[in-house]
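Next up: some structures, all given as structure tokens.
Below are two complexes that have subunit A in common, paired first with subunit B and then with subunit C.
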Partner chain A sequence: MMNQSRFLAQMQEVLEIEDRTLSPDEEFRELPEWSSLAYLSTIAMIDDEYDVIISAADFRKLQTFADIARAINERR
Partner chain B sequence: MYFHFQNKQITGMLTIVPQHRVRFEDEMDNYAFSRAQSVQLQKVMGYNERHICRRTDACISDLICHGFERLFSEGLLTPGEVDALILLTNSPDYLVPPNSNILQGRLGMKQDMLCLDINQGCAGFMVGLVQAMQLLEQPEIRKVAIVTADVASRTHSPRDRASYPLMGDAAAITIFENRPSDPIHVFMKMDGREALSIWQPAGGLKEPASEQTIQMREETPGNFMTRHHIRMQGDAVFNFVMREVPGMLVDLFAHYGVSYNHVEAFICHQPNKFILNCVAKKLGIDSERIPANIVETFGNSISSTIPCCITHNFGQRPEKEEVPLCLAGFGEGLIWSSTILRLGLLDFCRMIEMDI
Partner chain C sequence: MATQHIQNVTVRGIASAVPKRILEVRDSKTFPSVKEAEKFIAAVGVERVRHHLGTMCCSDMCQASGEKLMAELGWKPEDIDMLIFLSQSMDYILPATACVLHGKMRLRQDCACFDIGLGCSGWPYGLSVACGMMQSGGFKKVLLLMGDARGIAISPQRVPENESKATPLFGDAGTATALEYDSSAAAMTIDTYTDGTGYEAIIRRAGGTREPVKKEHSQYTVDEFGQAHRAIDTTMDGAAVFVFGISQAPRAVKGMLQRTGQSVEDVDYFLFHQANLMMNEQIRKKCKIPPEKCPYSLHDFGNNSSASIPLTMVTQIREQLTDGASHKIIACGFGVGLSWGTVSLTLQNCVIPPLIEME
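Moving on to the complex of A and B:
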């Protein structure tokens, strides 16, 4: 199993959020830092760190950071 | 699959770009990006400067004829020498007849030749390369002109902020001939299941032009286009590139039995800077090894990014010496293809600008 706090720290870095920590239940699409570029950076980071590619159709169904973490785990 | 060739060479390459340049900074307000987003896009994606036609009626045939006429006037090619003209484009002047035939007539080429239009985009240069090398197996075919051309500024919506600020217009004429060379292996794979990831819905018989198809609609948040504009499902294409391209290059180098240091650079299709940097990272090579300066200097000209990259970055050097390169095209189709070859002792290797 992946380390969830490590994953959240990685997401924080991707989104360039420095002033607070992310929580697993946050809906990432609602964050002001979320953009199409942040999305691509997220896919690239997941591929890089976990060697996992989540299809565009599957990613669309994900809402929270915990959902992404779960999707990664299911594909490892 | 691999295509195998021997004693085939690129012997000339001319890129034609419009003189007119547009800077992202100057048109940022059209797209409603925040200041921070714009800076990010510029730095990470390569939104910067591009060459596009100023004339709204500019066609690929204008760029192509300008290029051929320059070659003829400088004595670098004669119309009668061309035994095959293969045109690869997403933006033909006409759907009927083949545009390569129109070019043949307009340029005064002989009857004893093959003209062929191929509907191809991002991997167009690689598909053309395979076609040229196959045709050269025919004894009567000595010179093949592969013509890649796209006026992407007209096929993409000006209000599609995900693609338009990255698109450029260009054409390239690449000549192939039988000349002594090392064996050439060309990797080629295709996956039509995701064919509609890069797509122009209307204009064919499936969705003919109508009042509805010409309406600008918000297809994805903030991106407006008609059904006649080419659209891309960015995330699906990005996933595809990350899934297939690094692995393809690993396979290619293993097939040749050479290391990455064998080539001077990886000349890849350039959809954006970010994707190329990700490929470099995955291959474990320095990002400088995959030039990404075409998309931020000229724009993504679809089928001509590889010749643009060569003529811009190497100038006339390949006219004087051999440069070992890896070439890779990927995208629309979906197609991914690559090869390693020595580009050298070309009759011409240049980029010219056209006032259009």
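Moving on to the complex of A and C:
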């Protein structure tokens, strides 16, 4: 299993959020930092760090950071 | 399996033409702030693109490239046996732009001319068709013309009323690749692929027979990222294309290396379609290609669809490719379709005129 707090720290870096830590239940699409570029950076980070590529159709179903972490685990 | 082992065809020359007019991304009104523009440049890699601003079509730039190459190679119009125009920026819905070019370039009547409607996968695909047809020896001198130039604005854009505010990612260019039947040619290997289930990832919905143009197609709808699109514009599902590119391009390149018995060290240059920096770097890293073997033109020219690969050769490694030595190349184009292809070839004494800039 992947380390969830490590994953959240990686997401924080992708989203360039410095003033707070992310929680697993947060809905990432609601964050002001979420953008089409942030989306691509997220896909690239997950590919680099976990050797997993989540399809756009599958990613569309994910709501929270915990959902993304679960999707990565399922594909590893 | 769609693999061709091509004998008897040599790439004699490659030329590219672009509009003189430069659009600087930093000056673009697309971005609400300088910080946003810099963020875009850091991720996407595009600092400036060439834009025709309505003064020319893709075929004009292809014609200029083709005629320049013919002049340098000493080819006369009556020498040309086939002209292929590969583009999604045709002059008219019909006739085929290749026929229009045939007339303008005063080619012989016993000359095969037709269009191929592909985009970013164009260079490997065009070579596949041209070289495949040339195998019999029935076509000796062939012009493979390709590129794209925007007609109307490319979505998405944040400020719908002004077409000049379209996201500065795509550039305009027209290229020519001159091919000749040659029994002493080095072998070429070409792989061609398709995933039609992804046809909606990059699409211009309205204007064809499935959705003939209606008034409402010129109205804007806003997507989840707040960007406006019209059905008459080309729209792109960036994430779907990104996932496609970083999944399929490395697989295709590794497959080509394996099929041709080469390692990354054996190849002098890997030329990828210039999609965007983040995607291209991801692909390069996954293939374990060192940066010096992987030239990019996207910083100065953006994404030029099927013209990307020839344009990169002309603008980034022209001196190296024309030094008289033999150069092993693997080129991979991927995008709209979804369609992708890879070619492994050797270039030697290839004629590459400097970039043509058109008013």
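Rule of thumb we're sticking to: the second predicted complex is superposed on the first by the 76 of 76 C-alpha atoms of A that agree within 3 Å, B and C clash if a C-alpha of one lies under 4 Å from a C-alpha of the other, contacts with A are read in each partner's own complex, and residues count from 1 in each chain.
The rule is short, and it goes like this: contacts are C-beta pairs under 8 Å (C-beta built on N, C-alpha and C of every residue); 3 or more make two chains touch, one makes a residue touch a chain.
Source: prediction; values computed, not measured.
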| item | value |
| --- | --- |
| Subunit B versus subunit C as contact partner of A:Ile53, first or second or both or neither | both |
| First, second, both or neither for A:Leu37, with subunit B first and subunit C second | both |
| Where subunit A meets both subunit C and subunit B, residue numbers | 35-37, 39-41, 43-44, 47-48, 53-56, 59 |
| Residue ranges of subunit A in contact with subunit C within the complex | 29, 35-37, 39-41, 43-44, 47-48, 53-57, 59 |
| Complex contacts: residues of subunit B adjacent to subunit A | 37, 40-41, 44-45, 162, 233-236, 238-239, 242-243, 274, 278, 281-282 |
| Touch list for subunit A against partner subunit B, complex | 35-37, 39-41, 43-44, 47-48, 53-56, 59 |
| Residues of subunit C touching subunit A in the complex | 39-40, 43-44, 224-225, 227, 237-240, 242-243, 246-247, 278-279, 282, 285-286 |
